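Across the two complexes that follow, chain A remains constant while its partner is chain B and subsequently chain C.
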Partner chain A sequence: MGVSGFAYISPSTKEETLTVLSEAGEKGRIVAGSTNVLPDIRARKIAGCILVDISHLRELKGIEIAGDTVTIGSLTTISELLQSAVIAKEAGVLWQACRCFADPLVRNRATIGGNIANASPAADGVVPLLALEATVNVESKARGKRAIPLDEFFTGPGKSVLEPGELITSVSFAKTSAMKSAFIKFGLRKAMAISLASIGMVVGFNGDTIARVSIALGALAPTPVRARETEKYLAGKKIDDEIIARASELIKTEVNPISDVRASRDYRQHLTGVLFRRAIEAALA
Partner chain B sequence: MEIMREITVTVNVNGIPVRAAVSPQESLLDFLRYRAGATDVKCGCNKGDCGTCTVILEDRAVKSCLVLAAQADNRRVWTVRGLEKDPLMQALQESFATHGAVQCGFCTPGMLLTAKNFLEHNPKPDRAEIKEAIAGNLCRCTGYKKIVDAIAAVAASRTGDRA
Partner chain C sequence: MELNVIGKGLPKVDAWAKVKGKTVYADDFSLPGMLYAKVLRSKYPAARILSIDTSRAKQLPGVHAVLTAKDVPNNNLRAKFGQSTDVGAQFEGLYRVLAEEKVRFLGEPVALVAAESLQIAEEALDLIEVTYEPLPGVFDPVEALKPGAYPVGENESNVVSRFKIRKGDIDAGFAAADVIVENTYHVPFVDHAYLEPESGVAWLDEDGVINIRVSTQVIEHFRTVAEVLGLPQNRVRVIGTWLGGGFGGKEDITVESFLALLVWKTGRPVKLTYTREESLLAHSKRHPFLMKYKTGATKDGRIIALEAELIADAGAYTYLTPWVLLYATVNAAGPYDIPNVKVDSVAVLTNNPFTSANRGFGAIQPNVAYESQVDELARVLGMDPLTIRQKNCLRQGASLATGFTFDRYVALPEVAEKAWQALGPAKESQDKRIRIGRGLAIGMMSYGRLTFLHDSSRSYVKLELDGSAVIRCGVPDLGGGQAQALCQIVAEELGIPIEKIKIYISDTALTPLAGTTTATRQLYMSGNATLKAAREIKERLLTKASTMLNVRKAYLKIENEKIVSLVEPGNFVSLKDVIAQCSSEGIELFCEAQFNAPFTDIPASELITGQTHPDFTFGAYAVEVAVDLETGVVEVQKVVACYDVGKALNVLNVEGQLEGGAIYCLGYALMEELVVDQGRLKTPSFSEYLIPTAADVPDVETILVESGSGLGPYGAKGVGEPACNSIAPAILNAIRDAVGVRITSLPATPEKIVFAMQKKQ
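And then the complex of A and B:
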């Protein structure tokens, strides 16, 4: 592969891409917005691979609604999501998250599919999609089409069930226009910060009772996670100060954060309760 | 379609096609500085944090260190030197000078390009929107206030309003 160890190919259709990826196997590395891949190359985290450039594939772009389902093409950029009236209305939690995703320049390049594929526990695009109970649609020559619940997609930091040869084509979820949403990111700066902790919440009310709630947490476990116990606790309850106080204690038992350069495990655990309280208050407001 | 160790690309830089053979992992930033001679595009962190390498790719401000040179094939790139006759860029440059928004000047080309691209999409921003728009461009000298003032003044003069 030459001195650099890298090769490049730019397939012109999705079908061609699947063929290339199938032949490249473990050596294939999909490049779209390249906001993760280029820094990883420079940091020598990636070497000796075939860069499969899909950035120009129109088939993988755009936002569609069919009945109750919203489908986002994997090459849709974060800026395009922010400019979409559909996302603002039908997926408020995702729209709010896009506002604090990286910075405006990176948002012009970074794609939602790339954010999923990168499998960061802190991914600001993934946490809201998890709260939306999204499904990742992937395709390959070997296995055809697979629809993978996002909840089952990640296996660890930087790791997922995506196999060599598989391409994320889109992500889909049900509309949430009738629900309340909140996304809160806690980072050390407002822009270009990796989340210390983040929360995405989608709540449906029946009068003043919680009919259903989904809560997703970022950077608080080896993968983005749902707070299932807290969700169960809240379902069917009327929201008052005591319920919020109890839930904000319970949710701290559902996380398993690390200590790193940005914050300690204890601090992140404490933050979990604080973010929960802020998120539910924002959703109620 | 073939797997390539070297890719021949033609990038339209400030209206002039620049043709070169690039390596797969070469960034648009390196292409612009070392192949197109566009040294007005600055290299700061080279990992997507600082925004000094901002250029306008087609219609969008992007960090050129985060774009593969190969991905800019057959596309148009504008850097600050290519916009010297652009009325909005001229207005921004004058406003930066009169407001003292330039100190060491290293962030200035990127800051100007981000500001121009932003004002084209949002002609009547408020201060909060301006601050958000330049969130990807770091300045270690000015404390940002003068930069925000400079951009706000241009927005106000173009719309007749005060930002």
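And then the complex of A and C:
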């Protein structure tokens, strides 16, 4: 399959990239790991774009810690996250998600920024970041720097508030080393599976009472979503079987999944409760 | 007989080149000045073609040819689908190169383009203007059978074939039964999903012969290609490549006619390789079957009546549907000795993707049904899965419902027991959300083609003066070790190391035609032809050595490149010296031999009786699964395959076939389904069409029974296709055992299992 009808630009710095993106406007399409763009080109879902290849921009790679904040450069690959002791320690939910992300080949190419920009409701990199209450840092010539809370970032399947000319430079969140984490994905096979439903959970305890919990769900709504009602219900509660049972019913009312060729809405809704129970048990374990 | 090469586990002759990336697969090959072809495909599953305007496409710079049906000398053939002998009218069908008048399925080829680059060819496709009038179409074979249904073709009925089998008195059988189990089963469209999509390069040589270098299981399609072009058959040469998998998907013509037409039109070499998406959309699929089963048994577990009604979706064109349906019909009652049997089968055209050969070829669909039925009967009767099978399965001297009698060893009781026992002691899950279950299934599948096809194979063996050997045999090697087996036979018979044998395969101009690599036939057919040729040469060598050594021929053996006296091992002559002597005396050191399979008559009516296949391979699968009660996820934890392979010529290769067969239909059982909705494919890529990954595959334990009772060389049976039989029902039976629900439609997805469990509660 050829890649005809595309222009290709490979800027060498972030500044140059922003200039190119600004000039390309609506036609600009950022490519890094290409794990989403190339299948889309093959399927003719995109055409006539200017492909702006940022894959070699070193300044967008790497993981940094400043005080309590972890910042991940947008070009950091899923494999790099998985190999990072910092991520394993400070963002357990993200590290667990990276372990079940696609397969090793895709993990070596796919970037965290690309996973966010693609705006899939099922994105396995995004769900844990949502549970981490992450902020997406973007930059453009027109608007300068913007820090967008991840839960305000997505507007629908494949859609986000990212504007033409804007580049995701990094994503940042607070350390969660003092908290418990769990990420569970449900797919139809053990590797290279698009999530039918996924859950990321970060829980802070005060003794045996839940002090703070954030729960993110994937593939259960038009965008990855927080289960706010369930979080509210759980806050301040002492965990027991009855609380878990009630919360696992409540969380099913917070989702709005689709029926598609992979699974029905009913099954995805059913999975929501199961995933919740397993995630909280894993977090407590 | 002592064997030196046969029966060992040897690496394949083709293995290193493949591992190192040196094998030149179909798409790896290019020629100077080569053009690139693309196929324009129908956007509708059913529509009338009102007009095709190719003028804009032809004007695009770099485009050398744009062809439609009117450019094809013979666009509609009454085809025998690669078979060279007469098959009978009911086994022929329309082979249409490019769509004309009506399109019958979405993805049907409508026009061809050859251009200087793939990009230009793709652009040219966009410039071809086809005006369609969409037609209603029919997508459900049951609907397509009804009077007044939408006609998929022009003049022909939607019914492709009907067969039936009658044995005993079915009504009396059910009347005498103490328990009756009735279920309807459904198996879906699935794809072969080979690593290598359909591909080839063709060119016109200096003698005016069209050469087609292609990934195919059937080089004999050169005859069909010649007919399409209106050329003499000796003007088309097919050179088969090492295949990146076939599984029946390269049994029908894929790119050959398109390449030949474009080469003929342009005079330039042309390459055509389907994308994965094209392969999924537009090439053949496994037949979906709707299977209504009623099985009756007495209290003591004797199965006395079986009634089956099979409806197969043939998709939009005939292809090998009648043959597949015949296999399904013969296999419908399974490997059981049942006194009263009634089978009715029908295959129906629809506006779905066309269906044809796929590993298992009609045998594995009813296997899912009859082995589920036997399991349910066992449950009703309180019998264990092994006992009910051993009590009812075929044995030597018993007959199929067609009347065909097994005069050779039937290993079913043995393979069933060995597979089942190999699972070891049962254990409970430590996790309360997981239930462990076990399932057993047995099966039979033929090796060798339908006997009325009068199958034959030829092979040529030659000794060189330095003691090395050459084999020429038109056998396509799918990766299944077809070429390797022939080398081992020659090495064994002529006493030379396998490294000294060079095999040339799969070339209609240079290798004797060996027939198709389909129907699990090559070891049986070409193995026997090669054995015959090698033994003829061996006979000549021994005769000559006998005079040279002054030892009677019966007291000579040939091994390690020597001919040695059995009584006096110090008395020997080197093979090289015997060859030199033969050569100087004009004794032929080559032989081309032909092996013929048993011949029967073409079935005279829908009623199938007597022998239809040369022989069968018997096998059993036992599996253990862990089912998640909350999610319905099935983890296959153990798989045991036990097969009577007759004789394992190469143990490593046979084990590989069994492991591959297990995985092939593990996917069939649990995840694979081409979802086709109103003729439109909803699983157009490997993102939606799921096959098992390495992470999903359990260890497969293989147990080889070597009864020596096969019709192949050294008593071997064929195992390629039989290997994928029985694992799917074994998994379904294990799920039933684990969580108490019977899944009757494949694939057994987590969702189906969870909702079946909820419904049961």
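Quick note on the criterion: the second predicted complex is superposed on the first by the 282 of 285 C-alpha atoms of A that agree within 3 Å, B and C clash if a C-alpha of one lies under 4 Å from a C-alpha of the other, contacts with A are read in each partner's own complex, and residues count from 1 in each chain.
Here is the rule we go by: a residue touches a chain if its C-beta (ideal position, glycine included) is under 8 Å from a C-beta of that chain, and two chains touch if they have at least 3 such contacts.
Everything quoted here is computed from the prediction, not taken from an experiment.
Considering which of chain B and chain C touches more of chain A, the answer is B.
Once chain A of one complex is fitted onto chain A of the other, the partner contacts of A:141 are absent, as it touches neither chain B nor chain C. Contact with chain C, but none with chain B, is seen for A:188 once the two complexes are overlaid on the shared chain.
Residue contacts after overlaying the shared chain place A:263 against chain C, while chain B stays out of touching range. Contacts of A:103 after superposition on the shared chain: both chain B and chain C are touched. Of the two partner chains placed around the shared chain by superposition, chain B is the only one that A:11 touches, whereas chain C remains out of contact. Applying the stated contact rule after C-alpha superposition, one finds that A:39 touches each of chain B and chain C. Of the two partner chains placed around the shared chain by superposition, chain B is the only one that A:20 touches, whereas chain C remains out of contact. According to the touch criterion, the shared surface of chain A, contacted by chain B in one complex and chain C in the other, consists of residues 1-2, 4, 39, 42-43, 103, 190-192. Contact residues of chain A toward chain B in the complex are 1-2, 4, 6-12, 16, 20, 31, 33-35, 38-39, 41-43, 50-51, 53, 55, 79, 102-106, 108-109, 190-192.
The part of chain A that touches chain C in the complex is made up of residues 1-2, 4, 39, 42-43, 103, 186, 188-194, 261-264, 266-267, 270-271, 274. Residues 1-7, 23-25, 27, 46-49, 51, 54, 60-63, 65-68, 70-71, 114, 118, 132-133, 135-137 of chain B touch chain A in their complex.
For chain C in complex with chain A, the residues that touch the partner chain are 117-119, 122-123, 275, 277, 630-631, 671, 675, 682-685, 687-688, 690, 692-696, 749-751, 754-755.
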